[in-house]
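Once you scroll down, you'll see the structures, which are given as structure tokens.
Next come two complexes, and both contain chain A; in the first it sits with chain B, in the second with chain C.
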Partner chain A sequence: MCDMAVNIGNIVLGIAYLVLAPLIGGLLAGIDRKISARMQRRVGPPIMQPFYDVFKLWDKQPVAVNKAQRFYIRGFLLFAVLSGFFFFAHGDLLLVIFTLTIASVCFVIAAYASNSPYSQVGAERELAQTMAYEPMMLLVALGFYLHCGTFDAKEIVQSSAMNFIYMPGIFIGLCYILLIKFRKSPFDLSMSHEVHQELIQGALTEISGPTLAMIELAHWYENVLLLGFVYLFFTWSPVWSPVVGLAMCAFTYFSDIVVDNCCSRVKWEHMLSSAWVVTLVAGFANVAFLMYMR
Partner chain B sequence: MFLPGLLIVVPLLAALLVFCIRSGGARNFITIIAAVATMALSVATAATYLGQPCFVSLPGELPSTVIMAVDIIVALAIFYYTMVKFKRCWIGLLELLQLAMILWFEHGAGHGIKVAADLAIDNFAVIMVLIAGIIGSLIAIFSNGYMEEFQKEHPEVEDRRPFFFFVIFLFLSAMFGLVLSNNLLFMYTFWEITSFSSFLLIGYTQTEEAINNSFKALWMNLLGGVAFAAAIVWLGVQYQTVELSALLKLGQGAKPVEMIVALLVFCGFTKAAMMPFSGWLLGAMVAPTPTSALLHSSTMVKAGVFLIIKLCPLLGVNHAGMMTMFVGGITFFFASCAAISQSDGKRVLAYSTISNLGLIVLCAGIGSYAAAWTAVMLVIFHAISKSLMFLSVGTAEQQLESRNIESFDGMFCALPNLARCMIIGICGMFLAPFGMLISKWAAMKSVADAGNPVLLLMLAFGSATTLFYWTKWLGKIAAYVPAEKSREPGIHGVQWLALKALSILTILACVAFPLLSQHGVTPYVSAIYNTTADVISRSNLLIMSVMAVLIVLLPLGFSAGQKQKMVVTNLAGENTGDNLSYRGVAGKTVQVSLRNWYLEDWFGEAKMQRYGFGLSLLCMILAFAMMGGGVFHV
Partner chain C sequence: MSYITKSPWLVHYDGSSCNGCDIEVLACLTPLYDVERFGIVNTGNPKHADIFLVTGGVNTQNLPVVKQIYEQIPDPKVVIAVGTCACSGGVFHDCYNMLGGMDKAIPVDVYVPGCAARPESIIDGVVKGLAVLEEKQKAMAIPVKEKQALREKELEPGVAVNKSQEAGK
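Let's turn to the complex of A and B:
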């Protein structure tokens, strides 16, 4: 009976994610644009602008360079949503990461499929980004497993002390790769919101209208999921700890905006080597420590 | 008892038959009949013995005499090739050394040893029989069509097809013998036959490169054979037994058998192409594609990991285990890096095989329950997807006249069905929810439990590089380049049969993953470790199965949705309208060609080999030195 209640609770949480994540993601994007604008001494668009943009894109005439593209983008949206659903319905962390990987593979393939030079450059850069962050993503899940003895997000948030205390290195590593995942400078190589440092439109060159809207939506879902990972570090058994978790999510997101506005895009070599070095140093040291503690 | 015997004899008879019959039509007929019979026999064996492991003892002197005779025949054949025909005497010396050891042992110390069980038919052996039987036979069927085309396309190569099919069936027969043996002397004989057959297959075209590569394969595998012979002699002299199951019992009873285990593992390394012995597998690429498919997926390399996985309970935190883990981990990482820099489709596949075998060996080295389960699972999924990949690339090579991945763009339009097979194969190799990835998941868990941070790091980075080279390839196939006409009519019917069967098998194995675990792998591992546990929880397996079904169904909705207006792509100038050329500076028409990205400076082959070879050699030397020190002190 108790199990059943927990299961239903999980599914409710999962469905809540499906409904709320785009709202939260869109709002975050709006806030991001506002804060960035203020940092650059502009007024900036209204907070709701990302929603207006997506609705407008959705109403446009569907234009495509081939039939396959939209199929892959739908796959991207589907698996991005699914991985978030697994996370919030308390699935296994590795399952979440693997599903997220399928989503990014779909996105890369969509860019490759259009067979245009700009799009392919974007696809390859996106792929290099995936290669740069993937080891750290896996170490995050394995770090939680080593510390809490489980991949289950539900049990991780119930641990007896703040997970961050034991996993500071892994958290630093996660923050570093979040810059890549959020597509922030200096690591916005494959596609960027900043026109001045973009090669046409990177991976999005050949994508427009409703298909582009789907990508935007998928990113919102993805961003909320990634902040969920941050939340896991700062939430433990006390009832008030979710406040700490949420505050740290907000702080992390804000810091990323600051970094975004301070840096310009780096070369892919720097991104790959620095991400791997951070993974090697911070991630490895922390994992070794956790293994020693076990 | 009857079935396993038939399993070895039927392919052998088929081999002799195709060798003697010189008419092409009759040979094709016999190959297909023999392949179907082998497949049916392996399924029948599975139906009889799955879940009912049994040990069989062969009565009388006859079996061991036959085995002895075969040892000598194989040795003579090797002497002929190395000393008489091609004058590479030092390779012959390796064979002489092991033959001398075995003969000395048989007539001296080993003569009085009683063997309780010559054959061991457990679930793992049954799984291997199914892999060799079904996939091996499908490859034989495929070869029928492929070799016909091959001879047409390469008139300079002497038509030795009877010989080719002879070796293929001999290989299958030896493979069945190998996985069913419990008596190490039997296993050694079959081991030698597979080494020798692969030598013959690699040298099929008789070009200088092929001959050199075949000798490379021969000396590396004979080196392994020397280690095998040494292990048998050591085990026999010290413990008066030649049985693998007895060795396991001795080891689990805390007897010092580490050195024997390490020698056998070393022997497995050579056959499973672990670094620094990976060279022979890369060299095997010169042979016609079915050979590579056979060596890479269902037979040769699988024999190497089969032996290491059998020894799994004796590995773990000891010198032999550490050596296995680290050599496996190093190979996994460096081979997957080297695959990034390759543009030849078959070389990418070769490096991916080496890297996956590294992962399997890594798991076997950890030696825990979960790790053993993972290793067996990886063997199954790797065999199916890799054979599919090889056959697809081979077919594409014939149709596009190149096996360079660069020439695969446009496959999606020119060879749609073949592209589908290849996509299924690639997804099976690395993408969730396909089996390889689920197994990698379990591998990560076992490595984390083993408490070794360095290995964990290798696994995490190796996964990322694996993702990179597969997605790159997938992107090339998916690229939408309009084609004038379909090139598919050129593909032979039996080739389609094999390709489609393997594609369906890949998908089936992924969907039926939980069943495979429950009825196939778990009983074997439980029997060996005397415990049972879920390596991946049932609910997660179920989610993965459902996702696999979802992915299979998704393409049905390929063109669903609003009608889209088709436009041309954005090129560096005005697109001339077909996405293939644009009007550039001064009105010149420029053709568009896109090349993939190989990151040579980072992942160059030579560099990766240098690191990989050096590190794994260091591991082996250290492990053997430490064990040697230990042995002589006691």
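Let's turn to the complex of A and C:
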């Protein structure tokens, strides 16, 4: 009976994610654009601007060079939403990460679906990005398993001390790859809102109208999920600790905006090698510590 | 109020302009004018754009390019001709290879005169273009059959019959 109540609670949390994540993700994107504008001494768009953009794109004429890309983009949205649902319904962390990987695979295939050279190069860069962040994502799950003895998010947030204390290296690694996942400036290689000088819009060049709106929506879901991973590091058993977790999510997101505005784009080789170096040094050392020292 | 007027993305193409107008277009993005406060984004990708902002006149060489960019923009779309050259051909009007203003190649909705057009007038032109964009979106929402009925109502009864006969062929 108790199990059933817990299960229902998990499902309610998952459904809350389905409803609230696009709102939070869109607001975060709006705040991002506002802060970026203020850092450049501009007034900047209204906070609600990302919502206006998505609603507008939804009303545009659907144009597709290759109709298959719509199918893949729907897959991207579906798997991005699904991985977040698993996470917030307290599923297995490994399941969450693998589902997220399927989402990014769908995105890459959608970019490959058209013959546009910009789209093709964007897809290749997106693959390089996946290679760069995927090992660290796995180490995050591994770290939580070694420290808490479980992949279950619900038990991880109930641990006796702040998880960050035992896994600072893994947190640094996660912060590094979050820049890639959020598509922030040193690593916004495959697509970004400012990439048009070099690659038009990269992987998004051939995607327009409602399909582009779907991608934006999927990114909002994805961003909220990734901030959920940050939350896991800073929440433990006390009742007030979620405040710390949420504050650290906000802080991480804000620092990413600052880094975005201070850096220029790097070459993909630098991204790949630096991400792997960070994974090896910070992530792997931390995992070794968890395995042998404790 | 439709969302398209709140988030117009534009693609900018330099026809045969002397770059004077282009510099003024880019000046609109600077902190002084900051068009992003209206949600305007300079995308550089015609497939994401709503507004085609074009400077310079049309000549035999850029005619296919202008047409192709126009065709790649999904509906609803608006064309804004910025600067005297884009409006009428300007000082290049009588050159051997010039066809004239941009309206010789594609349908232009808003003309922004000036040599070079000032950023204020460019922003004003874009805002005027938004009204046209909204009209076009409303027209898009009407089904094709209703549109035909409306058109036939406007035309003379005899002409309408002829038109429908032509359509039948």
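A few notes on this one:
Heads up, the rule we're going with is that the second predicted complex is superposed on the first by the 288 of 294 C-alpha atoms of A that agree within 3 Å, B and C clash if a C-alpha of one lies under 4 Å from a C-alpha of the other, contacts with A are read in each partner's own complex, and residues count from 1 in each chain.
Keep this in mind: a contact is a pair of C-beta atoms (placed from the backbone, for glycine too) under 8 Å apart; a residue touches a chain by one contact, two chains touch by 3 or more.
Keep in mind that this is a model prediction, so the values were computed, not measured.
Legend: residue contacts after superposition of the two complexes on their common chain; A:Pro117 is shown touching chain B, with no touch to chain C. Judged by the touch definition given at the top, the superposed model places A:Ile200 against both chain B and chain C.
Chain A has more of its residues touched by B than by the other of chain B and chain C. Once the two complexes are overlaid on the shared chain, A:Leu212 sits against chain C while remaining clear of chain B. By the document's definition of touching, of the two partners only chain C reaches A:Asp59; chain B does not.
In the superposed model, A:Gln40 makes contact with chain C only, not with chain B. Common to the chain B-facing and chain C-facing surfaces of chain A are residues 61-63, 200, 205-206.
On the side of chain A, the complex with chain B involves touching residues 61-72, 74-75, 78, 82, 86, 91-92, 94-95, 98-99, 101-102, 105, 108-109, 111-120, 123-124, 127-128, 130-132, 134-136, 138-139, 142, 145-146, 200, 205-206, 210, 272, 276, 279-280, 283-284, 287-288, 291, 294.
Of all the residues in chain B, the ones that touch chain A in their complex are 409, 412, 431-433, 437, 441, 444-445, 448, 451-453, 456-457, 459-461, 463-465, 467-468, 471-472, 474-476, 478-481, 537, 540, 543-544, 547, 554-555, 557-559, 561-572, 579, 592, 594, 596-597, 602. Chain contact summary for the complex, chain C toward chain A: residues 2-4, 6-7, 31, 34, 36-39, 41-45, 47-48, 50, 74-76, 137, 140.
Considering their complex, residues 33, 37, 40-46, 49, 52-53, 55-56, 59-63, 193, 196-197, 200-201, 204-209, 212 of chain A touch chain C.
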